[in-house]
Amino acid sequence: MALSREQIASRIAQELQDGFYVNLGIGIPTLVANYIPDGMEVMLQSENGLLGMGQFPTEDEVDADLINAGKQTVTMATGASLFSSAESFAMIRGGHVDLTVLGAFEVDVSGNIASWMIPGKLIKGMGGAMDLVAGADNIIVTMMHADKKGNSKILDACTLPLTGAQCIKKVVTDLAVLEIKDGAFHLLERAPDVSVEEIIEKTAGKLIIPDEVKVMNV
Amino acid sequence: MAGLNKVVETYDQALAGLTDDMTLMVGGFGLCGIPENLIIKMQEMGVKGLTCISNNAGVDDFGLGLLLQKKQIARIYASYVGENALFEKQMLSGELDVILTPQGTLAEKIRAGGAGIPAFFTATGYGTPIAEGKETREIDGRHYVLEPSLTADFALVKAWKADTMGNLVYRNTAMNFNPMMATAGKITVVEVEEIVPAGTLDPNHIHTPGIYVNRVIKGSFEKRIEQRTTREA
Amino acid sequence: MALSREQIASRIAQELQDGFYVNLGIGIPTLVANYIPDGMEVMLQSENGLLGMGQFPTEDEVDADLINAGKQTVTMATGASLFSSAESFAMIRGGHVDLTVLGAFEVDVSGNIASWMIPGKLIKGMGGAMDLVAGADNIIVTMMHADKKGNSKILDACTLPLTGAQCIKKVVTDLAVLEIKDGAFHLLERAPDVSVEEIIEKTAGKLIIPDEVKVMNV
Amino acid sequence: MAGLNKVVETYDQALAGLTDDMTLMVGGFGLCGIPENLIIKMQEMGVKGLTCISNNAGVDDFGLGLLLQKKQIARIYASYVGENALFEKQMLSGELDVILTPQGTLAEKIRAGGAGIPAFFTATGYGTPIAEGKETREIDGRHYVLEPSLTADFALVKAWKADTMGNLVYRNTAMNFNPMMATAGKITVVEVEEIVPAGTLDPNHIHTPGIYVNRVIKGSFEKRIEQRTTREA
């Protein structure tokens, strides 16, 4: 069975390390915050100017002046700090964020990512995504392995306009954990009850299968 | 003598000199920390042909959406414009020229404009449509794009508090683009929730020194929330 | 009689305008602060990170954490703000300071200034002077018209390494007020009891003398 | 788990990993806001061949002068080095390589280093010896010099207060170069006068967010004054 959104998030949470500063994109990445292991200290960065994002506010706590990058009302965690957009992206561009998790439409064997624009459809803008992929050393892309028609989104070359070039090294999908290196996807883990054959079938880009493929622990 | 006192009493005074075809910076992220009354005043004034530099374009009936309603904006620099149907229509019809700019690059272009830096290199956007037509360069094995800075005729800023000399303090994530824009306008106009006497803000904790500020006006704010997300108490 | 240092400062103070933000260099420029007209509000910028420099502290007020760019202990004026060196020079480089007053070894008809380095002597460094002359639109250079041997420092071309190129428009010396334009010094004012002939004699650079030369009010 | 706690107890821990031939940024303007105990510790450690990036070079017996005493510095980037006889001697003898850098350019090169900007244009220094050998460019009728950014193996920073998560607050003009340097060191070590629990500093008034800080140590400070100027009470 392909993973649920929650299961993908819980698998990604296993990549967190104690003391990490993490930027979580909109969608599945946001859910990762729910799976931070007990006792682990992780600080969430929101690129609109908040380091130390807390949970949603209670009705009484709602503050129009305190939102996250998804424009949702939030609270601050202990030790939070606030700053301008220039400072926030100095932090991101300067490589100070330990881990960035974001969604994508497509990734390819060169580590390219397309996530912001589908020609012919309305262009909403890239927001902070281009800065995030250019600035982080450690990026996890989370996405469905294939679209609803079964077309792979794990490609030899992205077909959509790029968000960033040669910047992605790790992808967690509903079917697999993949590492990108040496011009290929390397299958690190498969989802429980998902066969290597299914992954091969749904991966359009060059895929390397090791002798043994671990099953994800989700 | 007016001296260092930046306080004005009316929105007419606040926006005096703002005319058609000018370039404006407008603070805010989404609807958070936007100079909402200055925008309403611009709709009333009917100035047209504006170039707006703003991370977002408001919603249909609030923020910069009010200026889109009256087709007052000719061109916009923004990073994300997804919550606005009017915007979509005007963009597709060609009435509105949209220059999508990565959020961090936009913030830095504005900071650079205020800081007298005409251009800088950034890795953001290299290899993407954003870099098309721009100078690129490899430095120490990485690829970068040269980005020119931005300045504006007017910067419209929302702060929390000002003192009478125009020293500003922002609150929470309503800060966002406001501090950089305050430095990059030929005329910087600031709307605040409270004006206090000079000397009452802690000098160590002023976010924007008054040197950048030309006019300060006290407003009252709706502060509309785009996504009211809550948890059980 | 040539002006005293105090008289030069008092003449420069006449260039101040209400509401000006001003950076005063070390030496004679510092003295200008003593001649700010009553009732005029002027804010002094110190490039080490203080806008709103006040007078010297009393013994009780001395604070090692509060100095000016000359490393002297100071106080803060009402409405002062503190910031980093990056922010301070963003302010300067970005042209936000209304008036900069600084000393020089030499100036020339092209508006070049040399003020930081005498080859063969110890080089102490330019500090913030190169940023100040590059950033300000409105700069007044204050200097002695000639050295102790009578050699002019108002030249056709600076002989010392430059601090900035083509950036100076106004010079106040112990003898005269000069404007630099169209490749020449223009004599605007002479010091009381200093003859135009003496100024001509001590000015090596091309000098334009108008029909009438005002006497400085000091 | 150590988590986000940055506090260390000894100067050995604070400077662990600092070795010969490294590049260091050292905060302060004159003797104001310098990490004085970290410098003393480096003299004790005897590390050599250092490249120091610091606005000034201390005086003969305080600040970076202590490292000059033992000839531990091979190269220095500074804007003004006038108060130091040892410095003069070592510079003239060729033992010390001095790269004089305009103060604002130095500050911006460090900020750029921390902010992931590899190079920027500035008008400062155009037409002077500082621009020799550097790329220049005319933009909109003005001339500019391209300046590469600076980073360091260690940034040694002095702040007033830190919380346990490394959030920092500076005091008065002791801020100076410290905030930028905090962003530009691979390892950033901060000496403070007081450490408070996380959550007790106002989030709106933190000058340096803890993300930039690796180690925090509480010191006690002499805070020597270079020019004690006073007026009559």
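Miscellaneous remarks
We just call them A, B, C and D in the order they show up, numbering each chain from 1.
Basically, contacts are C-beta pairs under 8 Å (C-beta built on N, C-alpha and C of every residue); 3 or more make two chains touch, one makes a residue touch a chain.
Just so it is clear, the model here is predicted, and its values are computed rather than measured.
Chains that count as touching both subunit A and subunit B, per the definition above, are D. Of the two chain pairs examined here, B-C and C-D, it is C-D that is joined by more C-beta pairs in contact. Taking each chain's centre as the average of its CA atoms, subunit B and subunit D sit 33 Å apart. Taking the mean of the C-alpha atoms as each chain's centre, subunit B and subunit C sit 35 Å apart.
Centre-to-centre separation of subunit A and subunit C, using mean CA positions: 55 Å.
Chain centres here are Cα averages; for subunit C and subunit D they lie 29 Å apart.
Annotation for subunit C: residues 82-83, 89-90, 92-93, 135 touch two or more other chains.
Within subunit D, residues 108, 111, 115-117, 122-123, 171-172, 203-204 each touch two or more of the remaining chains. Contact annotation for chain pairs lists A-B, A-D, B-C, B-D, C-D, with touch applied as defined.
Listed in rising order, the residues of subunit C touching subunit D in the complex are 46-50, 55-68, 70-74, 82-86, 88-90, 92-93, 112, 117, 122-131, 134-135, 161-166.
Subunit D meets subunit B in the complex at residues 108, 112, 115-123, 139-140, 142, 144, 148, 169-172, 202-205. For subunit A in complex with subunit D, the residues that touch the partner chain are 18-19, 21, 39-41, 43, 45, 51-52, 76, 78-83, 87, 89-97, 135. Residue ranges of subunit B in contact with subunit C, taken from their complex: 1-5, 111, 113-117, 163-165, 167, 183, 198-199, 203-204, 206, 209-212.
Those residues of subunit B that touch subunit A in the complex are listed here as 29-33, 55, 78-82, 88, 92, 98, 100, 102-108, 110-111, 122-130, 143, 160, 171-180, 207, 223-233.
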